[in-house]
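As written, the chains take the letters A, B, C and D, and residue 1 is the first residue of each chain.
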Amino acid sequence: MKHAVKPGEAAALIPDGAILLVGGFMAVGSPHRIIDALVARNARDLTIVANDTAMPGKGIGKLISAGAVKKVVASHIGLNPETQQKMISGEIEVELVPQGTLVERIRAGGVGLGGVLTATGLGTPVEDGKLTVEIDGKTFLLETPIKGDFALIAARQADYVGNLEYSLTAHNFNPIMALAGETVIAEPQTIVPVGVISPDAVKTPGVLVDHLLERAH
Amino acid sequence: MDAKEIIARRVAQEIEPEMLVNLGIGLPSMVANYLPKDVHVFFQAENGVIGLGARPPEGMEDPDLTDAGGGFVTAVPGAASIDSAMSFGLIRGGHLDMTVLGGLQVDARGYLANWMIPGKMVPGMGGAMDLVAGAKQVIVAMVHTAKGNHKILPECTLPLTAARRVSLIVTDMAVIEPTEAGLVLKERGPDCSVDDVIAATGANLIVHGDVPQMQIA
Amino acid sequence: MKHAVKPGEAAALIPDGAILLVGGFMAVGSPHRIIDALVARNARDLTIVANDTAMPGKGIGKLISAGAVKKVVASHIGLNPETQQKMISGEIEVELVPQGTLVERIRAGGVGLGGVLTATGLGTPVEDGKLTVEIDGKTFLLETPIKGDFALIAARQADYVGNLEYSLTAHNFNPIMALAGETVIAEPQTIVPVGVISPDAVKTPGVLVDHLLERAH
Amino acid sequence: MDAKEIIARRVAQEIEPEMLVNLGIGLPSMVANYLPKDVHVFFQAENGVIGLGARPPEGMEDPDLTDAGGGFVTAVPGAASIDSAMSFGLIRGGHLDMTVLGGLQVDARGYLANWMIPGKMVPGMGGAMDLVAGAKQVIVAMVHTAKGNHKILPECTLPLTAARRVSLIVTDMAVIEPTEAGLVLKERGPDCSVDDVIAATGANLIVHGDVPQMQIA
């Protein structure tokens, strides 16, 4: 049985300088209330690992605007001109990672792999500084795991022990990030009693979830 | 018929029944409009659905169901929600039959550059590198020249998306197949002569006999 | 839309000498009717990649008893004395792989990874002949992908386009093997019309499934 | 109280509320019987469920719900079905709080051998290597000697399960903690003197002051 935490309590758990895995794709399936609470508590020097930084005023974009972010690891920042400006001015360091490589690196961190070999990025700037390994005459890049101090994820529904279900394209990085956060905080839209979610419908087992955000009022 | 419609209509002819197809945002997404009614395919949106459908009816938009551009979409009957690991597992594992992507440059080797203009546009590669490295067929859909400048070049001057030869280049002026021997001109656009195409192309084109004109409705 | 095949038709698709990924854990969640049909058609020289070989007279054990198997790649053969006897007599070659490594190798094959790094097996006979890679002072074994000519999987329920749901502990290797078979044949307990399975309930998207076994009579 | 019950009762004391625990088949599975009623934990069966429960009522067995030994089980409220990739992702990714495994040998380094006797028993490692490499705590539950032969040795003569120091060894005669300095005798079994334990142990034991007797009901 988990205790439900308020957004402010969730934000208070997260210290300045923390590495955060944040679910969502262009602010769809992002933990919006936790993000708002991080902005409200004036968080600083965060490293954000996420698919993208959404756009100004939405999702992760709010953290960028608030000056809460020191570093971004993402596949795409193209729809957030603030992130691009802050990258150019040197305020934010940006590491661009192909989307499929990003999710495999996070998964590797979550399931205890030391790294994965991929063809994605070969012959491109993504290759710079990375080890290549040849297997049966084919060359692959060695990509290393990513873990977070926290994973902040959004879900459609949770039960009291933290089992999670996701909805349509709001799955995206959430189920994978739930594996790779030292502490996992989930923001479900609804919370239901144990037994309402069938074992077969569970996408993230509750044993991975440390804190559930209380339901929205 | 404008340049983009020519391209979209011609690309649509490459799609075969039962394929799994990923259309990039912008011009490539127009391809879906020109698919014959009797050709059933599943479109993948890499942010999380197989079975992407058209825009939803007014007032029925679901914030948890969007395409990779962040726009509201529907899901067709038989659709499947997928997380990012499954989505890119399909792309990188060779399960995606075709991807249609825009291009900034393509070169004589058939290599594509479409994600970055150093010092000017650094949006990130999103899923483009995974798509080009992993899809069974990669079709580049782009206008033949940009403000009079060649986009098909001896060698890309912009950073590559992948060091992999794409399957086909479809422009408003030509259909070109990159091969081991070089770029083969397969079709010329409406009202284009072979000489027109050659003049508008920065790389050498291989021309075998008569080059037919695109057959588009 | 898939066509439902009879068990004999499924078995006829599979040539002698094929590499088969076969779902199941001690015969739970195994494609029993396909296995029976393979025995009936007197299949020979198969390579079976599976968690285990069940026990004589059950699941994969039937293929062992029938002399259909040349090689087994599994994590455990302890409950099938026939497999052990045939290994000792040299009739069957057995490659033992730690269970977690086995599933990651199959997944790597399915999602296009060139290999994965794992600590499992270090300092044990599993290490023999394998490349080790050191990352940040920690040593890992490099494990290579496994793919099959066919994946033979069992599911709780399919819809007409091949979307699959699984039940309780009958999931096991099935959803992963569905990614890694050149041809995927699924044996569902029931087949329902498109739309009966919600997109969020789909564990294996139908685009991965080539053939559905007709329902049991 | 027989040797196995002593061991199972003592191991049960190591389990703390809210843990995720994997019990090996045989003796380790007996541990569940001695857990205090008020200690809520989730048991994982690595074949595919978190929230493993007791045997089902007669006539209510589900062939799709078994434990790793193939026996019919139930699932507790709040259970989650997991496929093999998630199951071993949890084990290898450090999400499993404790595994309890049987042992053939443990040595002065705290290394375990429990999967193979060359030329005699080659069942395969199943999930044992993943469990020992990945679980947060590894408890070896075994009788102290086998037919008078030492099982705790200076160095394992059987192939190792992992080159990782286990957390605790619980036998009918002793509780032993492997440390950097060697094997520390923490408790002695019912009616055992320290000298009895030392005589029954092939490796050197570190004894600090008075060694208390196991407190088991």
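Here is the rule we use: a residue touches a chain if its C-beta (ideal position, glycine included) is under 8 Å from a C-beta of that chain, and two chains touch if they have at least 3 such contacts.
None of the values given here were measured: they were computed from a predicted structure.
When every chain is reduced to the mean of its CA atoms, the largest separation from chain D belongs to B. Between the chain pairs C-D and B-C, more C-beta pairs are in contact across C-D. Between the CA-based centres of chain B and chain D the separation comes to 55 Å, rounded to the whole angstrom. For the pair chain A and chain C, the distance between mean C-alpha positions equals 32 Å. Note: centroid distance chain C to chain D, computed from Cα atoms, is 29 Å.
Put simply, the C-alpha centre of chain B and that of chain C have 35 angstrom between them.
Multi-chain contact residues of chain C (touching two or more other chains): 104, 107, 111-113, 118-119, 156, 166-168, 199-200. For chain B, residues touching at least two other chains, in rising order: 49, 75, 81-82, 85, 88-89, 92, 134. Two chains count as a pair here when they touch; such pairs are A-B, A-C, A-D, B-C, C-D. By the touch criterion stated above, chain C contacts chain A in their complex at residues 104, 108, 111-119, 131, 133, 135, 138, 140, 142, 144, 156, 165-168, 199-201. Contacts from chain C toward chain B in the complex involve residues 1, 107, 109-113, 159-161, 163, 179-180, 194-195, 199-200, 202, 205-208. Residues 45-49, 62-70, 75, 81-85, 88-89, 91-92, 111, 116, 121-130, 133-134, 159-164 of chain B are the ones touching chain A in the complex. Residues of chain D that touch chain A in their complex: 20, 40, 42, 49-51, 75, 77-82, 85-86, 88-90, 92-95, 134.
Interface of chain C with chain D (complex): residues 25-29, 51-52, 74-79, 84, 87, 96, 98-101, 103-104, 107, 118-126, 156, 166-176, 203.
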